[in-house]
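As written, the chain order gives the labels A, B and C, with residue 1 at the start of each chain.
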Amino acid sequence: MKIKHIVESQQFTVPLILELFERTDLMKKVVARGGTKDYEKKVMASLFYKPSTRTRFSFESAMYRLGGRILSTEQAKEFSSEVKGELLEDTIQIVANYCDAIVLRHHEEGGAQRAAAISPVPIINAGDGSGGQHPTQGLLDLYTIYNECHALDGLSVAIIGALDQGRTARSLAYLLSKFERIKLYFIAPDELQIKPDILEHLDEKGVSYQLSSNTDDIISKVDVVYQTRIDKERLKHKEIDLTKYNIDTNVLKKMKYNSIIMHPLPRSVEINPAVDGDPRAAYFRQARNGLYVRMALLTMLFDKE
Amino acid sequence: MKIKHIVESQQFTVPLILELFERTDLMKKVVARGGTKDYEKKVMASLFYKPSTRTRFSFESAMYRLGGRILSTEQAKEFSSEVKGELLEDTIQIVANYCDAIVLRHHEEGGAQRAAAISPVPIINAGDGSGGQHPTQGLLDLYTIYNECHALDGLSVAIIGALDQGRTARSLAYLLSKFERIKLYFIAPDELQIKPDILEHLDEKGVSYQLSSNTDDIISKVDVVYQTRIDKERLKHKEIDLTKYNIDTNVLKKMKYNSIIMHPLPRSVEINPAVDGDPRAAYFRQARNGLYVRMALLTMLFDKE
Amino acid sequence: MKIKHIVESQQFTVPLILELFERTDLMKKVVARGGTKDYEKKVMASLFYKPSTRTRFSFESAMYRLGGRILSTEQAKEFSSEVKGELLEDTIQIVANYCDAIVLRHHEEGGAQRAAAISPVPIINAGDGSGGQHPTQGLLDLYTIYNECHALDGLSVAIIGALDQGRTARSLAYLLSKFERIKLYFIAPDELQIKPDILEHLDEKGVSYQLSSNTDDIISKVDVVYQTRIDKERLKHKEIDLTKYNIDTNVLKKMKYNSIIMHPLPRSVEINPAVDGDPRAAYFRQARNGLYVRMALLTMLFDKE
């Protein structure tokens, strides 16, 4: 299937997702044998308007394992010392001359869409604005569930954190809604619960869900716990004890033996490092899947010709 | 022909320019077939004392398309946290151990010359000081005219902007003076007109030129409009309406059908984006030529052995 | 011999040092013929929590000459804009997914040890904290002496500077103590002399040494002068004339004809540039040896499998 740009998770249909996962499985084998040279003529530009070394390294490593090369900046705001506020469109048209794909992290919501509208080379959205999209994170999350649970249909997934602004939580809920017999649990302090637009979408798709302000009854039932962070500063009702959302070895004991714990990382206190050694702690494997999924996405863009 | 360093546009004789253009034409073909591996053992260091991502990407992409590798810094001022104000000469001698060519952007005029004086590997001046040289920009401008107009002799060229400090404008005037039957129009507010040293040089070379404070009579006559920016802050006579120097679709209507509009980019308001779609808008092709010209220059340096 | 990480100079036994030097000699030949592709599938990550372009370039060039690839950041503190103070351990576990070795410069003493304790890929300590280790510098210093003097046993070495905090001076003293009939001279203002822990170590190993506050009687006797910097600000007794520790052409006249002058660079006033042309000025050759030694170290890590 052909895709030109990767701008938002909505563009990924189930067949496209399944092709992506097939390619991702293949990329694991490619990496295991030391990478490929198939894309050695390709140059990828990392055009980051604010630093995100983790995401950048993940993409750049993906490109290297495919044999390609990297142009890289984490200070694209200082792209030119002469004209402040140069049009993103101009920048993209210039950088497109120097590479075969642009991984863009832009500070404004909609930046990736604007870039894709005029770019002659593929744009990959690596996050635009705080309320914007970060589709490759959503896809690697989905792949991790698929890979760890050997299925997507029929899963029950608890998503914990400040869900109202949780870009990754929202993306994951959206992507999971494409599959059958999914049961979602949104666990957050009431004032930070997931927004109605997602719930309306789930209603439309006939996805079963439940909202809760604590993990107690839920944690023992689910196949996947998707943990994210809650910043204390965001809470008006400061008396709320956030530790009840944390995962430690006690919580672990209540979880199903074949469930998994995920986290988009970086973590703060919400997962105790004592949990890391448990086989259900999937978050570092999840980070590694970022490499494979991004390799697969790059091949989908490059193979389109 | 052999060159050791690229420090200033003055070092380029007509035969050297013609060799460069021949190599540049060849590089277009090399890129079209996905690059070469001929220089895969070469390492180029981008040693930028202030960020200029556009110029850096252009050079680094050129190196990649030649098969080579990149060491890169945009914060060479923090080259060492220990000794502030380390001698540029020491830095060059150390970095030269780690690469086969150094692309240097230095904050002091004459920095590239000082580096070239002691460097065992080729130095390429990517801009030194605000009043200094940026020879590869001048050469790619000249190549663009040659490539778009299929000639250099006999052309009439309007250069617009704050020409007194316009590094690119000055370089281009200098380089064009090497060719036959050139007619130059310098268009600028009186107080920002091109400096006498350039005019004296043109007189010596017998090049015809005209100064003007507006584009009216000229824009319809020229083969090339080389547009640059005028910063309002530089004008003492603030009442001057700078919009009369801008290019929009109205100005476009007055221009010859086979003329071209150039701009070193980034642009601000001086070219309206509505102009971009016109085939005479050559500035993005000009940016792309930066890739080919820099590839050609690198081969001239590497092939010298 | 197998090594997993390079954390501190203490881990290098004499047989390991000799293997390193053999490999280093080989690397000189490899570079002379333009590098190798033997490690072309390897990716090295430069994870610098504070900039040190010199050290970074040295490692990255080493990796390129081995055929490998580079992920690079000099602002790892901004690794994530979301969680400040992310655990180094988490960062390492994530980055390890994207590369085959991590060159780490961390701002905290012991950072490299912590990283090595959990990293699935080799960690190379490129400096941790101001009082910490920088083992590859010590090893390249030792190699330079071996290479220039064709021996290590039986040498007399003067080490000059603010030795109490001199990381390189301390490392070198430590490494030299492993060899036979070494005579060390520590030359520093009294209040900045080498600390007792090093002297105790030398006593244990039976190494002969002498402390002095001036170079006068010593400079003509030694095979190696290892010069470092003294920051005026560190002296309480401001009346001390630091110029007496500097090396200029007058000092050069007193030195043995076959001695050498070393410096970890960057230098300030402590070596006059007029000395650079003398064949005994070995500091730029020393910087170049950094390339070969780091190549050799990388091969020792990569070949371990």
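Definition applied: a residue touches a chain if its C-beta (ideal position, glycine included) is under 8 Å from a C-beta of that chain, and two chains touch if they have at least 3 such contacts.
Remember, predicted model here, so these are calculated numbers, not experimental data.
S.K.: Through what angle, between 0 and 180°, must chain A be rotated so its C-alpha atoms fit those of chain C, rounded to a multiple of 5?
M.R.: Between chain A and chain C the superposing rotation measures out at 120 degrees.
S.K.: What's the call on chain A versus chain B, same or different interface residues, using the half cut on shared numbers?
M.R.: Counting shared over all numbers used gives less than one half: different.
S.K.: From the mean C-alpha coordinate of chain A to that of chain B, what's the distance rounded to whole Å?
M.R.: Taking the mean C-alpha position of each chain, the two centres sit 41 Å apart.
S.K.: Please set out, as single numbers or ranges, the residues of chain C touching at least two other chains.
M.R.: Correct list: 72.
S.K.: Sort out for me which residues of chain B touch chain C in the complex.
M.R.: The contact residues of chain B facing chain C are 41, 43, 45, 69, 71-73, 75-76, 78-83, 86-87, 89-91, 93-95, 97-99.
S.K.: Taking the touch rule as given, give the residues of chain B at its contact with chain A in the complex, in rising order.
M.R.: Chain B reaches chain A through residues 34-35, 50-54, 56-58, 60-61, 64-65, 72, 74, 229, 265-268, 273, 284, 287-288, 290-291.
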